[in-house]
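Should a chain be cited, it is by its letter among A, B, C and D, assigned in written order, with residues numbered from 1 in that chain.
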């Protein structure tokens, strides 16, 4: 078990018994309430991200997401709008009052991305990009750290340790599915990660059911499953018009699907001992 | 996706649009209510299974489980009490009024096991034991079919097809975790299997969080996750005294843990649109 | 490591230091020479298996294979000719002087199959069908035991222990690929299994590159890799006309491909310290 | 199959039919001869790397390896000597006349590392670190690209495409084992990758049996297996005294083990149609 080898590390319960709560511009992750991070996979235009921000805000999301630097398997796929996208995202965050999170994929980009976002996201492909982890650890921005595609829980927590060891205590873990032999879904969501992480670490943990399933039809049941498992929230992709998305359209929720998700989250939340979601 | 290749098969939604409800001696699986199957991993003695039956019945379980023929990785491990165990289990079922389920591991044992139990269980190791599937398909006993350790959803549903093609329409699927690289839990519970199976098949599906996690500490959050995902119920191991169990003690719930699980299931159930659990 | 837990078991090097050599009608597996088992995936007709037997014999194969009872994922796939197929296979074995191996998929069929074959094969799906293992362990026929699709080396060796514990010391292990996330090949051939098994067990081990790759184009390099890893031989599918095969045609070698394989095996064999292949 | 989606890409056979041969200071990879890259996991001192260089040169290695920037799972593990280590490695390469390869783990380090080494290595953790791939693609140094721990062949080749698309045609692929459920070895060496890559790409491919197995006892059989599969060479860790290594000691070959490996490689090489190894 991972527990033993982590004793005394900064990420461990032995080091810090009480839950870590990450707070940013009025939103918090890991406290009594649930977090819902929503927005488009990629920022495609000023209009698209503004429309997405307004609709997820209206439905009750607490944090806005949107990708500007996109890590893509093929060099010929859409790579994101870069700084222009960050600017649109920041504007949408300001207008709606939602804090924003966006991915940074290179250590040297950390200062630039930090200028625009409230939370730095480090994606699955970069979970063991140690230069990036250390650079993010030297900022005062919380870091949302996704689990690597085939990372063990121990490796994931040690990646968080790199960030904390560099000086940044505000790490949010995000389970997003692991690679297995099963092809009916894009990845296999490992929800046992939630209670295991809660047992051995004080860090908050949320779940991304979109990348895990790769199919918007399965996002709602998996989001509810994540909350049942004890996750501190969920992160979902929402697009004003999923059919026209430049990336990950199949797994993005439509506005109606997102409202349904918020409705169900708010129904489940009190039963789980957590209040109604609101910023 | 599995969906395409299953079109028109007996297990498929295309073949039968409405949900299959399996009913047995007053209990039903797949209907509006949730099912909770509980009992010891192995029947160890008359006293042990009677005590277990009374306590799970008192807490609200709807079906009693208990292993008499145990498939074990090593030939030198405890292999179960055999027919003697079945007799004790049947007696416990009669006294408490709970229908009983127990595993059958060989085709030639199907008539014997059918004499004692209400539901035949086919375990992970035997998911592609076609002789066993066909023999169980020729009985009038519902079959609880566990997913193979590394089976795809398509292979699992085709195993159910063997049972249905032999004449038995009453199949209950049970997700129990798949084998992956992660060792923090015994197996990786694949909860996406629940909504995917619901989409492509009419068969009921329940979840076994004990074998999936291998640790009683994680059973409650995973059971709640399973219900969030839309499962028709859960199957858990409960032992009057887990520390003394002859097999799987670490993953068996104590009586107090099981009462807590029933309490939480009953709290979640109405929110999920399903009534309080009762037989 | 598997080694520790196997100390003293019948399969272990601690129990028996010298290599086990399985001998049957003039052919041997695990001795100084290499073994080449060849023949069609399924016996389809008397003519087909006779033609296959003659051509593999002429090219230098030492044992003839052919399936009569076929375990198939779907109940609607060709299930084999059954006893009729066994009779054709036995006839082809007699005519060519090659010992024959065929799969048995049910414990109750063991006596029947033993009447026709020299070696009983237990396939991947049945590696943990303990009734079948025990029944095969009570015969005087060597058993070729394939590794389960997701079996660890320890589980595989403990399956062999079931056969040996029942009284049969003649077990041949066969690595045939494990299930992983990679889809470029049908399974992932785990050739490290060969030296690890050699280190902890005295049993002979061969490799099946056809089921591992699922593509005849990759069989020759993988067969050579298996020999480089120290395997005692290979088992391959050869069909007089792969394009017309009733099962596994894509992974079956043509007569010309098989002759090329034998040619290369015979070139490598002396370098590996093993003589030219011949019965 | 990966083949289809790669048609026309720079890495594909359709784009370039003849094998790519990477030549560097007298050594070549992918030509008629075999390549043996050897040296310590990490450069620990001037003396250690000089001693290692002399012994691998004497035994017949064609390229010297040694890590100066070490990506480590824990921030508290030895991270390598950095530029100091590169200087020692370069000196050892000059003295022995062997070209040298060392890992670069951050895009901004590419110019520095390029000053000291003949071949840039990009490790498994960074296979999808696109900034690093692109930066390496803008140098005139060949790049040895290891397969990611859970990368498909298609993702791996698309990572190579990033390098080639940036202008660098000299990519050497290196299979080093993938992550699976099996724990008897550190990773599962996927030797089918060799013939599949040869079929769909023109790039040379070598194999690292040390990281794959994690145990020096299995390196020799796996190296021979790699050559049997058609690899253009192997890369192994050799330490003057494995018991004292600062990292990966269990999987490092001793001087005697490495001489035995070279001896066996030279015996197999002619049979495989490739000449005796020499620079």
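As a convention for this text, a residue touches a chain if its C-beta (ideal position, glycine included) is under 8 Å from a C-beta of that chain, and two chains touch if they have at least 3 such contacts.
This is a predicted model, so every value here is computed, not measured.
Looking at A-B and B-D, the interface holding more C-beta pairs in contact is that of A-B. Chain centres here are means of the Cα atoms, and by that rule the chain farthest away from chain D is B. Chain D has its Cα centroid 48 Å from the Cα centroid of chain B. Spacing of chain B relative to chain C, judged by their CA centroids, is 35 angstrom. Between the CA-based centres of chain A and chain B the separation comes to 34 Å, rounded to the whole angstrom. Residue positions of chain C touching 2 or more other chains, listed in rising order: 150, 179-181, 183.
Against chain B, in their complex, chain C makes its touches with residues 71-76, 105-108, 125-126, 128-131, 149-150, 155, 158, 161-162, 165, 179.
Residues 150, 179-181, 183 of chain A are the ones that touch chain C when the two sit in their complex. By the touch criterion stated above, chain D contacts chain C in their complex at residues 1-2, 150, 152-154, 178, 180-185, 188-196, 199, 212-213, 217-218, 221-222, 224-230, 267-268, 271-272.
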